[in-house]
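Once you scroll down, you'll see the structures, which are given as structure tokens.
Note that subunit A is present in both complexes that follow, paired respectively with subunit B and with subunit C.
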Partner chain A sequence: MELAKYMRGRVTVLALEGELDSATSGEARKRISELVPSDGAALLDLGGMTYMSSAGLRVLLLVYRQVRQLGVPLALARLNPDVAEVMTGTGFIDFFTVVDSVDDGVEALSG
Partner chain B sequence: MSVQWMDTVPATAAAQSLSPDSDPCPTGRIAGLDVRAGRPLPFGATRVPGGINFSVYSTGATAVTLVLFRRGAEEPFAELVFPDCYRTGSVYAMTVFGLSADDFEYGYRIDGPWQPERGDRYDSSHILTDPYATALGGRETWGEPDDRKYRYRARVAPDDFDWAGDRPLNLPMQDLVIYEAHVRGFTRHPSSGVHWPGTFAGLAERIPYLVELGVNCVELMPVLEFDENENRPSGLHNYWGYSTVGFFAPKASYAAASRYGRQTDELKNLVKQLHAAGIEVILDVVFNHTAEGDERGPTLSFRGLDNRVYYMLTQDGHYYNFSGTGNTVNCNHPVVLRFVLDCLRYWVSEYHVDGFRFDLAAVLGRDSDGSPLANPPLLETLATDPILMHTKLIAEAWDAGGLYQVGSFPDYCRWSEWNGRYRDAIRRFLKGEPGTVSEMADRIVGSPDMYLRRGPVASVNFVTSHDGFTLHDLVAYNDKHNEANGEHGADGDNANHSWNCGHEGPSADPGVLALRRRQMRNALVLLLTSHGVPMLLAGDEVARTQHGNNNAYCHDSELSWFDWHGLAANADLLRFTRRAIAFRHAHPVLRRRWHASGHAHGALFPDVSWHGVRAWTPDWSAHGRLLAVMFHAESTGAAEGAPDTVYVAANAHWEGHDLELPGLPAHLAWHLFADTHSEPYAAEPGAEPRLGDQERVHIGPRTVLVLVAREPGGS
Partner chain C sequence: MRKPCVLIVADEAAGTTQLPGLAPALSDGGFDVRTATEDEVLASDEPDGPDGLLVSASLGLQRVAMLARRFAHLPAPPTTIVFPQDDLDALEACVRGGFDYIMPPFLPSLLRSRMSSCWERGQLAGAVEDMAAEASLRAYERDLAIAHEIQSGFLPEKLPAPHGWDVASRFRPARQVAGDFYDGFELVDGRRLGFVVADVCDKGVGAALFMALIRTLLRHTAEHTGTASGSGDDLPPAPGSMNMAEAGASLSPMLSVGAGPLVQAVVATNRYLTRNHLRQGYFATLIFGVLDPASGALLYINGGHNPAVLQRADGSHTLLPPTGPAVGMMLHSSYALGHASLERGDTLLLYTDGVVEARATGGTLFGMERLLTALSGPVKSAETVLSGIDKALRVHVGGAEQSDDITMLALHRSAV
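For the complex of A and B:
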């Protein structure tokens, strides 16, 4: 799994690529948690994900808890429809702002 | 592959996040995996720093082996025999490092004596399901057979659900209106229009319907993992699910999210959403038997772990069958008792459920030899447990061995009961059977003859449940029609106390149809104005039919599903039900915590009084078919100081009568809430029209009237 970070104004964008499963989730969680800003806003761009397992969902929940503690708004962009389905059925989706594109996310978080 | 898998969560990496006091280091290697002696508690498989702790007990084992599978693999990738030094008492515990909960499944092999005549059936050729497994693999898709050699594989459920402050609602028992529903059947029908038909998520989509109906408790038929394919050679399903395979595991195929292993979260989210809507959740749990059947049944778990402990056995090692399904769980054995307790504690603490309904609960009061106990340890334990202290406990207080304990179930002032005698009394009265008025009177005031010490909350009143006719069929069939069940129509109850209103089955006769609809309204409004806790069967509010089948346990089809077309087709009955529920919520006098005494205690009227064609003169004779009851309270708590007076007249006679009404003081007047004979059948509570004649009212044939006393113009 690849992870890139860049800024769009006050919004820290973290772009994830590749597979997020139990084999990669430990490291992904650690790296994302290091890159999550302590102020401003955070956007996870998941458009480059090729696979996400239950362990990947857990990473998203842990990131959510981290930003909640920090008071940093968080959005998810370009979520895979199947993952979005599962997140809706389990109610996880309610914890996130979900947007179709990075631009939409930056706008939502900057508003 | 195995090396990479081992490297995914190395113990050292996991250790980085630990406190300095933790010691996650392996002390040995078994079957290529890093291990150490585990913790005996908690039982089951638990996430611990660096890996998973496994703990299982077996009193008669000579050796225990932990069997590990990669998810989806046919054969295990490792079998770890527990060293003797990993055993404490009869508990075998081991921590295995480097396992990620998302990737593996497990089971146990138990070595021990094969001596069926002495009750021992240890057989290490079976890989057994951990009774404490929090999720099972292989049953994610409803109806899809699992033909693998080793089925029902234990998994470790995710534990990252965020409840966001939710907790059990703790609604007062007397305020409940229970709605008994089947998770799959509720939204499986194409007409449900939900995104996830037949699932927990689908049910959650329909919460607005429940809110509008006004129920504040759903009782879910079994959602603990079962195998709907267990009768597969017959071509029928075990649709109801009273045959548990995993007591700590939610049914995976009831979750759209099970393909991500997230069935636990989907059920938790359903509970959370129901709670947010003010609706409690009661689970129907089956501890009287397991899916292993008798000697001829499969060895899945308990039989191979400790047959003699878990099951009631005859002296020569055969299975007692008080459940009617082949075996009987030995519930009052101290080990089994603790298993049941652990299980219920888990569902309350992990899933926030509000209560349990115990299937064939008379079994739970039997000793190891089957004899009924005066003071059953299990029932007392559940009644007094701190975690279960506010959990509703409802017994189906009979079993298939002939023990019928409605009214005499060992209750410890905690247990409620499905009041089967309420069901039968209301049915017989509505049919017009002679000699039923007196018993009906006892039933509608909370059965004080049975529950005086516990109060009406001990009585869960119902006219229909999943087991038997639907309400529509109760008034459309004299006899059961169970030919589709594959037993030549022999299965199912014969004592239905039903009446077809003049024609068996579907009818085009407007008179027959009108009478049936009136009888349904009669049953619903009597149920919803009775003291005790009313329970509705899902679908009865829209006249759901099973075409006369009174034992539809094996049908996963339109026969058993909730048809949402019924909302439009039976809009009048749905509206009537909704208003009757709202009327109950609006009148605390119908929701007494303790039985009425019949005395006035200085009030305007007695708390309960009986009437007939003449006020204050009930007809208790054997040929009587009409009875009226007036409930009264000066101060009902909810509206302090406001008197609450409700008059219910039930006429099961085929002729109408003129009733003299109890006289009211000048500032009050009788208002008509419901007249099941005449449209609109029920008013919106609070907007009931004033009766023109305050002294007399006509009650039609086979009709129930409900009046409320209040100041004219006010509510």
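For the complex of A and C:
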């Protein structure tokens, strides 16, 4: 899995690419948690994700907990249909603000 | 026969005066002798190493160790032996650091015998290290085998089969231990059959530990919740959980008998997990069903799990989709009760995502459509339903490795 970080104003964008499963989730969790900002807002760009297993959902859940504790708003952008289906099925999607594009996410989080 | 090859690395800074006769004595002793500087050895990309590496102790323990490591990746790394060049303290430090040594005077027969015993000791040390590594791997495998055994104890030994019903199951972990589980047990003095299929997120030992916890919480709570009002006197309802009076009101009195244990089990398990284990982030998707074997009435909660399939005797089917989120994700999750009715000849299939996401060698998923096709024929028993799916899975997956746990539970109501 690849992870990139960049700023859009006060919004920290974390772009995830590749597969998030049991094999990659340990490292992904560690790296994402290090990059989550302690203020401003965070946007996870999942447009490059090709596969997410339940281990990946667990990573997202832990990120969600982390931002909740920090009081940092979080949104998810560009969910591919497969990932969206898994997140919908588990009821997971209801906890997140979901947007179609990074621009929409930045706008929603900056408002 | 090939002569054993010895590479001598002297300390250039120490001069060569203190090496009287080492190389000639080794030659006379039957060795093929080469010399090189420390830099040459470290920079060399030659694929082969010598049989013996003779290093000057004057380089100091660290540099000696670095030279020894240069060949450590070889299948048969050379034995490293130090010799004193001008400094006996340096020799002592290297010997204390674990290196074997030779001392002047260097005489061919003495050297030969000394070198061969150093070599044997080196081999022995290597063998001991290999054995230690193997032993630790064996210990790890044994621990996993024990974990596997213990986990089997968290699955039902036998599934209850009420009169007029038959029940079958499959449980195939992708690894030694699994995050999946299934369960089946009697409730309300045998008037109801409780059954569960669940999938704890992620894999391996972590998921297996949470599997044991979640199975225990669900079953224990279900078995110890009263049925009177369905509210479960020992546990106050959680904020956000469904209002039991309301749920009970929408159900006939016959149905609501099983509702209390069902709702309490799921809500209390969710509450326990989110209160005590939130940090660890484990959650489970599950279906918990409570069946009245006499009438075929079914109550269920689907917590974020793959929809169960209710296959009708006439060949049609109904899906039982989620009625709430996965268990253990959020404190205030609410769960609605689903209900259905199994008539004679109907079959209910519960499964985990390892079934629909089983991949063929090319990566194609088994998918819902293939599952429904495998289910569509006339049904003789729960067992034949599962063996039919097993067969379809085998055909689809071919030689590909099983990547996720596969769990299935089928309940079939006899046609007559």
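Quick note on the criterion: the second predicted complex is superposed on the first by the 111 of 111 C-alpha atoms of A that agree within 3 Å, B and C clash if a C-alpha of one lies under 4 Å from a C-alpha of the other, contacts with A are read in each partner's own complex, and residues count from 1 in each chain.
Here is the rule we go by: a residue touches a chain if its C-beta (ideal position, glycine included) is under 8 Å from a C-beta of that chain, and two chains touch if they have at least 3 such contacts.
Values in this document were obtained by computation on a predicted structure and should not be read as measured data.
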Using the superposition on chain A described above, determine whether A:81 touches subunit B (first), subunit C (second), both, or neither.
neither
Of subunit B and subunit C, the partner touching more residues of subunit A is B
Just subunit B (first), just subunit C (second), both, or neither: which does A:91 touch?
both
So in the superposed three-chain picture, is A:111 touching just subunit B, just subunit C, both, or none of them (first/second/both/neither)?
neither
Would you tell me the residues on subunit A in contact with subunit B in one complex that are also in contact with subunit C in the other?
22, 53-55, 57-58, 61-62, 65, 89-92, 95
List the residues on subunit A that touch subunit B in their complex, please.
21-23, 26, 53-55, 57-58, 61-62, 64-65, 83, 85-86, 88-92, 95
Note which residues of subunit C are touching subunit A in the complex, please.
199, 201-204, 278-279, 281-283, 285, 303-306, 322, 324-326, 329-330, 333, 353, 404
So, in the complex, the side of subunit A touching subunit C is made of residues 22, 25, 53-55, 57-58, 61-62, 65, 89-92, 94-95
State the interface residues of subunit B toward subunit A in the complex, per the touch definition above.
4-5, 8-9, 13, 100-103, 158, 160-162, 196, 199-201, 255-257, 259-262, 265-266, 268-269, 272-273
